[in-house]
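I have a structure here, written as structure tokens, and I will follow up with some questions on it.
The first chain written gets the first letter, and so on, giving A, B, C and D; residue counts start at 1 in each chain.
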Amino acid sequence: MVAMFTPEPLCVVATGGTLDKVYFDTLSAFSCGEPQAPPLLAAAGADHPVSVVAVCKKDSLELTDADRDAILAAIRARPERRILLTHGTDTMPVTAAFLKDKVPGKTVVLTGAMQPALMRATDAPFNIGFAAAATQLLPGGVYIAMNGRVFEAGQVRKNREAGKFETA
Amino acid sequence: MVAMFTPEPLCVVATGGTLDKVYFDTLSAFSCGEPQAPPLLAAAGADHPVSVVAVCKKDSLELTDADRDAILAAIRARPERRILLTHGTDTMPVTAAFLKDKVPGKTVVLTGAMQPALMRATDAPFNIGFAAAATQLLPGGVYIAMNGRVFEAGQVRKNREAGKFETA
Amino acid sequence: MVAMFTPEPLCVVATGGTLDKVYFDTLSAFSCGEPQAPPLLAAAGADHPVSVVAVCKKDSLELTDADRDAILAAIRARPERRILLTHGTDTMPVTAAFLKDKVPGKTVVLTGAMQPALMRATDAPFNIGFAAAATQLLPGGVYIAMNGRVFEAGQVRKNREAGKFETA
Amino acid sequence: MVAMFTPEPLCVVATGGTLDKVYFDTLSAFSCGEPQAPPLLAAAGADHPVSVVAVCKKDSLELTDADRDAILAAIRARPERRILLTHGTDTMPVTAAFLKDKVPGKTVVLTGAMQPALMRATDAPFNIGFAAAATQLLPGGVYIAMNGRVFEAGQVRKNREAGKFETA
């Protein structure tokens, strides 16, 4: 039974989104910076094997079909079975539905944040923690982990007015 | 299958620990304040039913047998099957071993923090997020969730020098 | 001599800028929110009389001549002699030069931030503290307080590449 | 007139206090760590010459006559005329009164914090900013800068219940 809890190697696949937003004073603009999930894992002392692949640094509204193909290719190319996919929230359900059934044998958990990780008040570290556990504990499949809940790909939408994910 | 992911009601049982440390200027001292797990759950928009029971507000080195009995009684008295138990790290393995086999049918996950939730750099929100997912997804039993890992009660110790939990 | 240090009433005139940037998830965009200087003053226990006038909530690159006229009118209309003017950094020197010589008898200190007050790493509270002291202690005139320095209106520019203000 | 605002070299003399409190997990205790004023100055881009002398790392209730002699000696030994003295709040008025009239020609401003600089909610960066300006702008003498105000040495006390400094 102990073996069940020896964490398998984890791959963080990062695509940008609010989670990774940084304010660049030289541009007077916010845009996606370096992936924030790895330093959050490190800050919690989660030092089992973690690799990081940054596919793109985009708002999820700007993701194209080519970007989703690149995300899929990145997940398939990795040896790890446990994939934590960080993603903007607006089209997170779209990407989850796209990946569903395309990555057999892997557990892919999408998460992100409503407020950037670098803000004083942010849901980012909670969400990365929640998703990290879900990635380790869920069986193969594609999931969204937001608002302290697990949703299955294809059965979830973002309610923008409420700032929440809900079953669909 | 969706039903599996409808979160069951969660009970946070709080006992104090570094997680809840606050600096009281009027005393010029740090001591345990209000439980920090509930506001961290709320900040992540985790608004499924969550109840809170504060058993005590102590460093875990100060916990007595009577305190552990009170923790056990609190868990048994709650209707929820999913229990997130926040606890100081120093004797977290002791309390986990004490609870093991005493709460059949319940999933009890202990977590805490190496740095207070109110510090600028803290593992608290990650740990609460990780433990919240573990509480929802693990089968009945008593576990410790720290350092991005799940440990089973009775098979874990804190390595104080390394500032990490490890299997024992 | 004590009287010298009894703080005169202070008026915060807010115009927006990076200091006040907030991330609005419903818009997936950052824009200027409520003035951040007043809560920063309150958090430091600076509870001598402080009034607040929000003239606009704009990036300083978007400020028009009409906005600058409104800022001037707001300063003139206030009974306080001590004015802390929060402002975006890009055109802060322009507004300072515009106000120079137009507000005799008043001490007007412009400040702002390179990173929003709500970010985890920000110069905002330091700058508001520095500017609050400068507003109390400087003789009548118009000044910019940034980078831990006082600059005189008309003799300062922002070096955007360096992210610093410098004498001009 | 510009010369007036070219900042003179600043010396930070650090003694500990709440400002510098750090939580050491290996000790399960808070105690004074490295001086926090220099990184706060740096974060605000205050890069004019700043030197740092750490005289001790103590709660101010633990400061002895020998410590105060060491503080005085450190101030006298420095070539800078502008001294920012970081200090615990409980006996800040005692040290200010002790230094009064002993450092002719120098401007010494004592400040500290009610909440550690490393806490999420803290008055530390505001206070260091406020005190940095006061150190530059005040004439020779010994002052306390707290709560957004300047107090003269010998005419100030801490009201512990209110968590505020007030004239005495």
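In this section, contacts are C-beta pairs under 8 Å (C-beta built on N, C-alpha and C of every residue); 3 or more make two chains touch, one makes a residue touch a chain.
Just so it is clear, the model here is predicted, and its values are computed rather than measured.
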| item | value |
| --- | --- |
| Joint neighbours of chain B and chain A, given as chain labels | none |
| Pair in B-D, A-C or C-D that repeats A-B, with over half of contact pairs matching by residue number | C-D |
| From chain C, the most remote chain by mean C-alpha position | B |
| Separation of mean Cα positions, chain D and chain C [Å, integer] | 25 |
| Separation of mean Cα positions, chain D and chain A [Å, integer] | 44 |
| Centre-to-centre distance between chain C and chain A (centres being mean Cα positions), rounded to whole Å | 39 |
| Interface hub residues of chain A, defined as touching at least two other chains | 114, 120-121, 163 |
| Chain C residues within the chain D interface of the complex | 1-2, 5, 7, 40-41, 43-48, 114, 121-123, 125-134, 136-138, 145-152, 155, 163-164, 167 |
| Partner chain C, residues of chain A touching it in the complex | 18, 21, 23, 25-26, 28, 30, 59, 61, 88-90, 114-116, 118-121, 160-161, 163 |
